[in-house]
Amino acid sequence: MTNAPQAARIIVTGGTFDKRYDAIKGELTFTETHLPAMLAEARVNLPLATDIRLLIDSLQMTDAHRQEVLKACRESPERSLVVVHGTDTMVQTARVVGEARLDKTIVFTGAMVPYSVQGSDATFNLGFALAAALTLPAGAYVAMNARIFSWDDVEKDNAEGVFRALSASKRG
Amino acid sequence: MTNAPQAARIIVTGGTFDKRYDAIKGELTFTETHLPAMLAEARVNLPLATDIRLLIDSLQMTDAHRQEVLKACRESPERSLVVVHGTDTMVQTARVVGEARLDKTIVFTGAMVPYSVQGSDATFNLGFALAAALTLPAGAYVAMNARIFSWDDVEKDNAEGVFRALSASKRG
Amino acid sequence: MTNAPQAARIIVTGGTFDKRYDAIKGELTFTETHLPAMLAEARVNLPLATDIRLLIDSLQMTDAHRQEVLKACRESPERSLVVVHGTDTMVQTARVVGEARLDKTIVFTGAMVPYSVQGSDATFNLGFALAAALTLPAGAYVAMNARIFSWDDVEKDNAEGVFRALSASKRG
Amino acid sequence: MTNAPQAARIIVTGGTFDKRYDAIKGELTFTETHLPAMLAEARVNLPLATDIRLLIDSLQMTDAHRQEVLKACRESPERSLVVVHGTDTMVQTARVVGEARLDKTIVFTGAMVPYSVQGSDATFNLGFALAAALTLPAGAYVAMNARIFSWDDVEKDNAEGVFRALSASKRG
């Protein structure tokens, strides 16, 4: 809320969010991120760095990849970070980053339906995660389904395709 | 970040955000809001009330309309509110609501391009504003262009089609 | 159906088909045609010339403009032509071209909803008109609503937003 | 071109054309056809029957399936038919139908990119094939890439993802 807009960074790792249809192979693959197109459409007017770190399915993500994401977060000069990540292992990577307790606000998001497919949640999630990164206290979070979860209290319900608080399911 | 998700409310007043093309008239008009379709697409899993209060161009908005918006904010049981509003007079309505100093977080947003038109910023803005409403301290805000402005420090630059801090232009 | 694909030409004159939303003015205007993007999307593999002759609303079309369209048809080396035209005066221009009795197949089409707006009929109509231009005998036609009309037996029903045969309404 | 519009029928068999993204499985599958939505969007005003015969990937299509398609064509009271089919074995099914030498115009089409994915050729191809079915003499045809091929002179070039005349490649 100061006069100078707060700078932010978006770190892309791939995931469903960024899959595109390959007409020859007849399947969804990675070629390049949709992020620049999405930011232009959103008419973003913020000092915003983008770091295309990885473009992989999050089921392929190894410990080395997660260290790479942590490194990207640690070295970022901005204090408001969004990490675009596949939903299948988003919680694991958020844990690696959360345990490092960086003095930054790091919000993980992704999509259940690719940006390039009708009915995608990618654009909404990107907007939601970016606002969360600009407003929340330092920490690592997962932002999906219009909800914000702390990295240590979230799980993906694969059957329903939604994220939930661990504490909520324990109560149930 | 508690276990129970925070409830929110979206108050719709119309604006470019919700305009649709009328094929017979050959122009953009209002018929119904896109909000339910947008929330389904976003896979929102939050207790979220929607209040379709008005469906008008913000250039048509009178003082009585603004009092109606203020009333909708005041009477809302939720403390996190998004007001979808035309951009042309968004700042005026935010001022009316801001001066009432309600103990709620009220975030105004809208769109420069209708949801129903290619290249719309509506979905991004909705996600961004909703996260802001869930995380910011009580107050009235304008959230556009991936930036958050206090109601008393914002103007629309009509020539550029972007929102700016008043204090920023005074400095310049 | 010979081995060598038949060459065709698309003559663009504007109309609802090609309108785009101007975010600053808040209205639908003309900037450039969507035709090249549409043809790429359609994976067209035909010798296809495109002639961006005009980019105007068909209500603005004068006799001089119609002579310009006729000239473009007459001078085209291809014998299969599609003319993209606003729907409001499509029938008048088709009449000017039809009365010239060129030895070419000339199919007028357009859109009730711009290509850039959700729910557009532009892409379907372009595909439909192009096939009609490749298969029909020489003459001038209007192709809208998945129907093909001879230039001298068609009218636009403005209340319903559909094209009908004149002879059909006389019968009724 | 008579006063009464010519009736047509669209026989759906599935294929890439009709694939939808399943957010839980994270892959493209079949649930229901997009055809009614596409026809509404196209503002079709033609007596048009639709027959959802199959919803399968054309690589799964057996001889029994092809006989089923032939039966659907044979029993159709309309003389202008479009068959929506996967591209991988479209040529084989067109051959089965073509060899039956029905006294109808039967045009096979499909899509390289699903209707539900950005940059799809489905809508263009549907419009193109329907006009071809309304205008060509009796016979079986493949209509893809804005070209019309006789059933006995067409192959799919899988590397390029386009359809070509067999005679063209023999010449080369």
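Order of writing sets the chain letters: A, B, C and D. Residues in each chain are counted from 1.
To be clear about the criterion, a contact is a pair of C-beta atoms (placed from the backbone, for glycine too) under 8 Å apart; a residue touches a chain by one contact, two chains touch by 3 or more.
These numbers were taken from a predicted model, which means no experiment stands behind them.
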Chains contacting each of subunit B and subunit C, listed by label: none
Identified repeat of the B-C interface (over half of residue pairs identical), from A-B, A-D or C-D: A-D
Label of the chain whose CA centroid is most distant from the centroid of subunit C: A
Averaged-CA centre spacing for the pair subunit D and subunit C, given as whole angstrom: 24
Centre-to-centre distance between subunit D and subunit A (centres being mean Cα positions), rounded to whole Å: 40
Subunit A and subunit C: spacing of chain centres that average the CA atoms, whole Å: 45
Junction residues of subunit C, two or more chains touched: 23, 43, 112, 119, 161
Inter-chain touch pairs (all): A-B, A-D, B-C, C-D
Touching residues (chain side subunit B, partner subunit C) in the complex: 16, 21, 23-24, 26-28, 112-114, 116-119, 158-161
Subunit B partner contacts - residues on subunit A that touch it in the complex: 1, 3-5, 38-39, 41-46, 48, 112, 119-121, 123-132, 134-136, 143-150, 153, 161-163, 165, 167-168, 171
